[in-house]
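Chain IDs A, B and C follow the sequence of writing; residue 1 opens each chain.
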């Protein structure tokens, strides 16, 4: 997927200015930066929640910028929002069912469901429970699972570590690696720069709506600016 | 107020009084009533505008408030012989017949009390729930009027109400109302109301006692609307529980919606458009012949057209015609200046 | 005495289901779009007229009339959506404007029919097959009430199944909770909205047939009171909550009939007061209604 020259915002002003990001197939790419710089806005733009004012989002030959959200989902992109945004009035199972809305036949749906339950056994235990009553970690698991149900080619993950205890965060990140191994490309937005740089192959550092730095994550880990500004703080 | 403004106001006032004189002298019957109805509707629209427009409390209960005022004034001013014949009032009510002004004021105050008692408890309801309750207030008050037969003669209603209303009363009160609302909005009180209408949370943080201001705004609106109701009933000289029903409420809302809610000019403009359109178009409903075609009577056509116009305006121009601006000398001169440009296309 | 009460209760069930069906229609549309469709009562009225026209004027069998009522209601509902609500949504009209437009649509349809048909009361066609009565001990049950009640129960069961278990039902509930995220999951929310309008309007059509069979009359303003009371039922049940609306509608309908039946006749004119009094009471105690409302965001407009 390639984002070219993306400029977008809410209402009159623009949050993103001329963003260029590339996600190669099968890779994990991270966008890092502090609060409010536009990382979530980028993901929202890709997913069609807000429309780009300038620029294009090319994915598998299609310009996602022209499509409504549900068609973007059909194209193979999935979104796990910041703060989870579960359907609080639905149970765990029903949330997964919506996640799997696009799954064509019942057999596929069942096998995806089983794969999810293997990945996150706790969800199976709580499958009839109202999603609003789950703990923070369980909600995060559910949010990711919901996004994974249609076997997306590209998964957009927004701040998966937000509000979770460190041990849960490690757990989640292990699962993210597993998900990537099974063939899903991942675009990860993360405030915790450490985690992000460790798990991803390519990273982009965003500040005030623009890409300040980019490169292979391993190299960025040793970058002086990053070390001073972000590492140890994130 | 500088010299130009005083000068302008004097001229406007003279023109105003002059027009009233002409109307009073030359208009008769239907047209006179139409002009007065326009004035009354303007007053009502302005009153509703204070609550619904400036403070953004969308209440539909003013029909019931007007009904209360109208019945109160009727009972106070009806001739004694009628009251003895048709109603069973307590003696202190049955043997009095009041003149216009005291009756007007008392009726408006009764209306305010009724509105406070009935609508206040609903204030803590949100949005749609509140609107629903306010609709209910209309229906409940109308139902009360229907059932308190000893006071109101039930569904039959009352007649022989003294015809106090004339152009001077109507337009005098209208002028007072306009001036009052105009100054109100520009005062600290008014600005507090507008802040509340935009963002209640912000208003509270700024130290405005939101609930109290809402109540005040409601009281003011109800008072004005009550006066409108009294003027109305002394023009039509009869009353029944359905005169200010939901259809009437809708017409007033339509006036504000078309004219532009939240402005004085909008309220009056809307009142004018709706009143004149409705009354003047009414004859069409009787059926007429166009060239050699005979168009049959179509009752309900005018209301239907009104509804369609309203829907179209709400879709394409939800702010109404005035869009939150007032008519002033600057506005008119701007309009005139741009007119050639508009017609060039 | 008890027999009398039970008899009244049986009679009241008919009106209860009329209101219950209307309440569900209101609540579905409110749940998904966050707007009160004031014209719902008129959708109901048009259904009744369709049935009347098909049976009394064209002398078609009653079943065709009933189905016609449903179709006509759906048609009016879709027209309302396309001509009034969708343009408002597209233009992001403020809540008040939509509200007023909705009000206007209600009056417009009413006056259109008044213009065409005049406002006199007409007799709703009641088929021969349903004019009988069943006798159970000392209690009489009208055949037509009985069948309509069966129909309503079947519809209720079907609707509950739809909402709880089917793909589209879950999608509807998801869309009412958070439209944007539902779209992200691949749900075409426009189609869901249309589906809600279709179902809600169809229910109004059934309700119209039920009303006609029970009260035997129809006239252009007939949608006003049932519509309003149906809406109250929806609010009572927690707006957006489908089973709640059904129950709320029944409570209002049954309550109103019982109220009139059990009080001396001189009180009958106070009938509307019961309904509104009940509403005021419930909203005073529990401002969000008896059951849990089903919306997190107030439709697409926010509060």
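The rule we apply is simple: contacts are C-beta pairs under 8 Å (C-beta built on N, C-alpha and C of every residue); 3 or more make two chains touch, one makes a residue touch a chain.
All of these numbers come straight from a predicted model, not from anything done at the bench.
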Chain nearest the overall C-alpha centroid of the shown protein atoms: C
Result of counting contacting C-beta pairs for A-C and B-C, higher pair: B-C
Rounded Å distance between subunit A and subunit B, as computed from the means of their C-alpha atoms: 55
Distance between the centres, which are taken as Cα means, of subunit C and subunit B, whole angstrom: 33
Intercentroid distance (Cα basis), subunit C paired with subunit A, Å: 42
Two or more partner chains touched - positions in subunit A: none
Interface residues, subunit A side, partner subunit C - complex: 47-49, 68-70, 72-74, 79, 81, 85, 87-90, 94, 97-99, 101-102, 146, 150
Of all residues in subunit C, those that touch subunit A in their complex: 167, 170-171, 173-174, 176-178, 180-189, 294, 296
Complex contact set, residues of subunit B against subunit C: 58, 121-122, 124-129, 131-133, 135-136, 139-140, 143, 146-147, 246-247, 250, 253-254, 257, 261, 298-301, 303-304, 306-308, 310-311, 314-316, 318
For the subunit C and subunit B complex, residues of the former touching the latter: 30, 36, 83-84, 87-88, 91, 93-101, 103-105, 107-108, 111-112, 114-115, 118-119, 224, 228, 231-232, 235, 239, 269-270, 272-273, 276-277, 279-280, 283-284, 287, 298, 303
